[in-house]
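Multiple structures follow.
Common to both upcoming complexes is subunit A, partnered first by subunit B, then by subunit C.
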Partner chain A sequence: MDRGGGEGGGVTPILQQGVDFAARFAAAKDRLPGAGLPWLASAREKASTDFERQGPPRSRRADWRFTPVDAVLGTDFEPAGRPKSHSGFAGKALCPLTFHRLVLGNGRLLPERSRYCDLPAGVSVSSLAQALQDDPGSLREDLGRDLSAEGLPFACLAAALFGEGVVVRVARGARLDRPLHLLLACDDTESGRPQMAHLRLVIILEPGASLELIEESLGGGRAPFWTNLLTTVRIGAGAGLKHYRLQRENALGSQTSATLVELGRGSRYESHAFSFGGALLRADLRVRLAAEGAQCSLNGLCLVRGTETADHHTVVEHAAAGGITRELYKAILDERGRFVFDGMVHVKPGAQKTDASLYNKNLLLCDDADVHSNPEFRIFADDVSCKHGGAIGRLSSEAMFYLRSRGIGASDARRMLVYAFGSEMIERVSLEPLRESLMAALHARMPEAAEETA
Partner chain B sequence: MLKIKDLHAKAGGKAILKGLSLEVKPGEVHAIMGPNGSGKSTLSYVLAGREGYAITGGGVEYQGKDLLAMEPEVRAREGVFLAFQYPVEIPGVSNKYFLKAAFNAMRKHRGEPEMDAGAFLRFVKEKAKLVEMDPSFLNRSVNEGFSGGEKKRNEILQLAVLEPTLALLDETDSGLDIDALKSVAGGVNRLRDPKRSVVLITHYQRLLDYVVPDFVHVLSGGRIVKSGGKELAHQLEKEGYGWIEAAGKAAA
Partner chain C sequence: MANQDVKDLADREYKYGFQSDVEDDQVPKGLSEDIVRLISKKKNEPSFMLDWRLKAYRHWLTMKEPTWAEVRYPKIDYQEIIYYSAPKSKKKLSSMDEVDPEIRATFEKLGIPLEEQKILSNVAVDAVFDSVSVVTTFKKTLAEAGVIFCSFSEAVHEHPDLIERYLGSVVPYTDNFFATLNSAVFSDGSFCHIPKGVKCPMELSTYFRINAKNTGQFERTLIVADEGACVSYLEGCTAPMRDENQLHAAVVELVAMGDAEIKYSTIQNWYPGDKNGKGGIYNFVTKRGKCAGDRSKISWTQVETGSAITWKYPSCLLIGDESVGEFHSVALTNHYQQADTGTKMIHIGRNTKSTIISKGISAGHGKNVYRGQVKIARSAVGARNYSQCDSLLLGDQCAAHTFPTLEVSNVSSTVEHEASTSKIGEDQLFYLRQRGLCVEDAVGMIVNGFCKQVFNELPLEFAVEAHKLMNISLEGSVG
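Presenting the complex of A and B:
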């Protein structure tokens, strides 16, 4: 089932074509947003040093051993330029146009494509570059955060090199009237060369606030594109965030992301990750239940095919008593696709009455596909309820025969069963228009029905 | 309608059917009875086209065509229906979606236009009423969490919706209480028609009190060893299968 990591025989491949990140940082640091702010300059410097000290993640690192990271490290990306055309971005999105919307094309805010001027009182949304001009002091805590101990090299790289981003702040008790849609789209530039964008998202919910955020990435163009995201989320007491992540890169698109979530007393974080395409998708999600009675629900559905890889690493840290975690990731694998799931729930001493479940279920449609699944608990409290499990299965031949015996053709029956496996995760989406477009997107990614003509 | 000629079939390398012959004409109801292990379920699966059976001799003609050469879905579209002894649970596929997909696959096969969702829902609710099934079952996943009786009722609902030309019922009566048995029998009787045929495969005579067969056959050792009218079922109920098996062995 395993077709091997990126390395063999102890020989480190020499990557002549990769980006020299230190040189790139030295050349760009005086032109990056907030360059005049001494505290930010030193935070960027430190992050760059932290990245160089850790080195780019290679497959010899345990947490990267199944991740074909050469898709990202073996290409000489240039900092993304303005896309040649961007008129079709919003129309291809899964999100309805009626939501508040920010569009970033190739990592740049496109004001003419965005619409977020009529936000309710207490809600502020702005580009990170703009926020660094208007009110840099309010971002110091989030952008100055030390990432050196996280073991996330690409997050350090994003902290050093970010050229843009988005800041969302919801004041105490405030809520949005409609969800906020953040569209990260990309397309070719005039140069036609591989492009990369490093972005930071800062999400702050004050106590009692609530937000539904849809973060959607959309691939395009004929040149490789790499998006490297660092997202920090702070959720105050009693506040709640629903965070949808829709990933549809094209065959040359890659995305690496780190999302660091801190949950206050009695607050809620709900994440729904849909990975529907991309040469390499690597997501590191860290959720810390820092105060009593916090809850998180982490959901994922990945459909990988071709030679795509989707890789989800999640760490949930129960640092206080009475926390609840519900985690389920599902993957459907076809052709030579690869899915990696590494889920850790860490129950710290004193986190009594923790109630956590952690599951990963995978459906293999082809023998050439591979899955690496590792759901795991570390428990240092004695009065807890923790359940976990993993499963890798194939389509049931009993169910196939049952459907066919009712006149349903083999390929229709197959699609029906694959769809049934995946739709469980889509049904958990509470936004109806989004649920419908996700259903359609899942259908569009289904195994072909070419052989069935009868 | 159906002509089974000297059928031999193996499962897992073991010969199960050993020269079974049977002819069913339009409008007839046949009951095939036999002890456990006689080959009843193998016969139904071979006729429906399940994988895992090797045909080692003989053949099956259905409406003049070679049934065994058809894919399972083609057999179904041509009008063959098997009510499963153990209906399969399919989590995530709603019962009404499944029924509509099956129903429209048949219509498409016959060159008829597909029925839209609204019209189908009205149609299937009427059918559910006929088989005394609570319409809430239409919104649930196919057979998931259904009791044994509910699963069998769901098979009869499919029978009512798909209106097959040849219905094979594999132990549809097993595990049913008397009320469920009556409504299952009602579903089968409503289908009786000079153009349709029914084959009831059963271990017990009970169902035959409600669906009265034209012919009763006894299957033993992979062959029909005795055929008769409905009175044969009563004889089997009274005397058991021992005398048939003894006779079969003596003959072999």
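Presenting the complex of A and C:
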């Protein structure tokens, strides 16, 4: 879909110090996974051309105007190498070890750290490189998908350059007994140079299947790291996916991601995005309710501080009748953090009885923080109920007064209120162990000292 | 049940579609530096005006027509438009009786009696016919209060210092494609200056009318309220029914100094085209107010029922501390009308406040877009904004979009935005119908209720007119 204001077709010179992606692709294409498959080679070729045609996203494009994209375009990343050690992320994940676990370190599968062999019947999980060796034909529909019309330049780049990924397939009516934890960790290599990894995730739920998936990215090391992720999700009739995305990059880590979800009749998609840090986090989430009675619930909580930027763009497309969307993103901003929210609900002609709500609420803790919020609707059907809202504000002085009048110090009162604001999103997490560790992570990120007494 | 009945309601004819046979004095069609010079010469303007126009024209040549709005229309050929058209028999008028009877008849048909009726209702009217201001009533009473209210061309001659000082101070000639075009070729408009501490003794009003064929209308309104002054200004517009589209690109600038208050109300009822979307006015208007002084207030109220295309974003620059901006809007699109309208509230001063209430109604194949921006600059300590935009959908072919943008760079500010979109509930219709109201009245009542918050902001005479206009515009389109 055209999100307007694109520079499509314009030739934008790539920054001198940045990566020359076309050259990188030309050099690497014969060594990338599945290089022997003609259909995949041509899909990669097309994606690379699409990226070059669109040009790297710059602030002149309406949907990138608030995103300081130089964090990734202004650095000369090299394809990620093997991590020097695993100390950077060992024991830091938010999920218990009892979950099925698949670990990618610097964009490579780490079999010694993964544990996903005891899967129930009907569920298959494998690395993308492995799947391309074993059964490439079954991936053709997903990997060969044309992305040129989506207006997502980094997704094209991931489609061209992906070096690894994960394929999860849940057969008709099957379900995974425990959640699947996907850990994307990164750490320094011997060279100590900036690293990048392009990854693809393919999630397929056949009719009636169900899955809980936790995708956690964990930053480590002292050199900048950039993860560029393209996820395609297909959910069959009556199937349900709970998708948790935890972004925990360090101050030098960046992540750009595009998630394309297609929902079948009566299916459900629940997304929980938690952004706990990263120089630049940009997430594009596109959900298409393609058949009647599909439901999606999109939740987000972003904690931004320092000079970090978190940027969430969501598009929900109601293409069939009777769809339900519930969307709420919250952000807590401190120091010089920036949060961008661009949410769109698009009700297509004929998508009658659509029931959609879209909210974005932001809490500013510091004068230097910066919020850009666009909750948008495009509606082409009349029998709909759609609501949206946005709010940007600071802690209520009345609430502060209430707590202080009960003998609570300014600093504690402030922390309590911020915690309460953020925990609403965490309470929506139904996986108890994850909920608890998220609460602890939120607690650890509470503002340090009280500056004023409101 | 209701849908078909309701659909049948909406097709009443556009009742201002007549045209008047007034001889006009036109310049050749097309746009060039010579035309700009010719317009300036015809108006006998001082050199600073010509310079300003030429600067605007040269800048316009470097600009591209904007394409970001959600409106679709065939490309406008700017060389096919006649940029200046004036009723011919124009000479200096000393009293109302000297006005061309044809023009007077036209205004009477429009319900703008320039004479007694308005004396009774105490409204001073400046009527703009095609591009030129025809007559301004009540000048004397206003002069006694120190208020200057006259046509723009008159102001250029009699108050050149004020014009030079304020023209372009809110909407510079470089502002946007249509405003720049207007700056180059605008032919007339209204000028109003309220001196310090004066509360304008009556409502001021301008009535715009496009009559001549193939012409574009480019008027410019400038209102300056000096410290502590207060004025309420009304604007109304109509045009004859024609098959071709006509362009209207106006600019309105408001300046409010300390403690001043300007209330600007518009009822826009340009010809919307026929039911198949043929003809109608393209209304590309730039309206902006500057709250320059502390505690100043600018309030925009608009009822948009006409035009094939409306492209209009009345905005407020809240510069003075504690200044207030308001925007109340009802936009109705029926048949194939398209409206892309909204507002911008730019908070710069401390403790500034703004309120946005926008009601969009789409019927038939109408398309209605709310596009708004609230920006809180870092300097705007304690700023407050509340926005609400609701859409009502009548019929399954129409569309309603909302594109709000909130940008906040100050922790002490509070910004809230709420929006909803729905159709008329079957239960609401049923309730009214079982109490004996026909579908038409029931829908009218619900729609008027939906718009009430905005209508309440209109001056009394306009509120009555707005109610009627809503019902007329909805005829045959409700679903």
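By our rule, the second predicted complex is superposed on the first by the 431 of 454 C-alpha atoms of A that agree within 3 Å, B and C clash if a C-alpha of one lies under 4 Å from a C-alpha of the other, contacts with A are read in each partner's own complex, and residues count from 1 in each chain.
By our rule, contacts are C-beta pairs under 8 Å (C-beta built on N, C-alpha and C of every residue); 3 or more make two chains touch, one makes a residue touch a chain.
These numbers were taken from a predicted model, which means no experiment stands behind them.
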Using the overlay on subunit A, decide if subunit B and subunit C clash or can fit next to each other.
fit
Based on the superposed arrangement, let me know which partner A:251 touches: subunit B (first), subunit C (second), both, or neither?
neither
Touched partner set for A:417, first subunit B, second subunit C, both or neither:
first
Which partner does A:408 contact after superposing on A: first (subunit B), second (subunit C), both, neither?
first
Three-chain overlay: angle at subunit A's Cα centre between subunit B and subunit C, nearest 10 degrees, stands at 70
Would you check which partner chain A:35 touches, where first means subunit B only, second means subunit C only, and both and neither mean what they say?
neither
Applying the touch criterion given at the start, work out whether A:22 contacts subunit B, subunit C, both or neither, answering first, second, both or neither.
neither
Please tell me which partner, subunit B or subunit C, touches more residues of subunit A.
C
Once the structures are superposed on A, label A:440 by its partner contacts, choosing first (subunit B), second (subunit C), both or neither.
neither
Superposed on chain A, how close does subunit B come to subunit C by Cα atoms? Whole Å, please.
15
Common interface residues of subunit A with subunit B and subunit C?
none
Which of the residues in subunit B end up touching subunit A in this complex?
48-51, 71-77, 81-82, 84, 87-88, 90-93, 98, 101-102, 105-106, 109, 141, 158, 162
Using the touch definition from the top, list the residues of subunit C that touch subunit A in their complex.
68, 376, 378, 391, 393-423, 479
Flag every residue of subunit A that touches subunit C in the complex, lowest number first.
4-5, 62, 349, 352, 362, 364-367, 369-394
Contact residues on subunit A for subunit B in the complex?
396-399, 401-410, 412-413, 416-417, 419-421, 423-424, 454
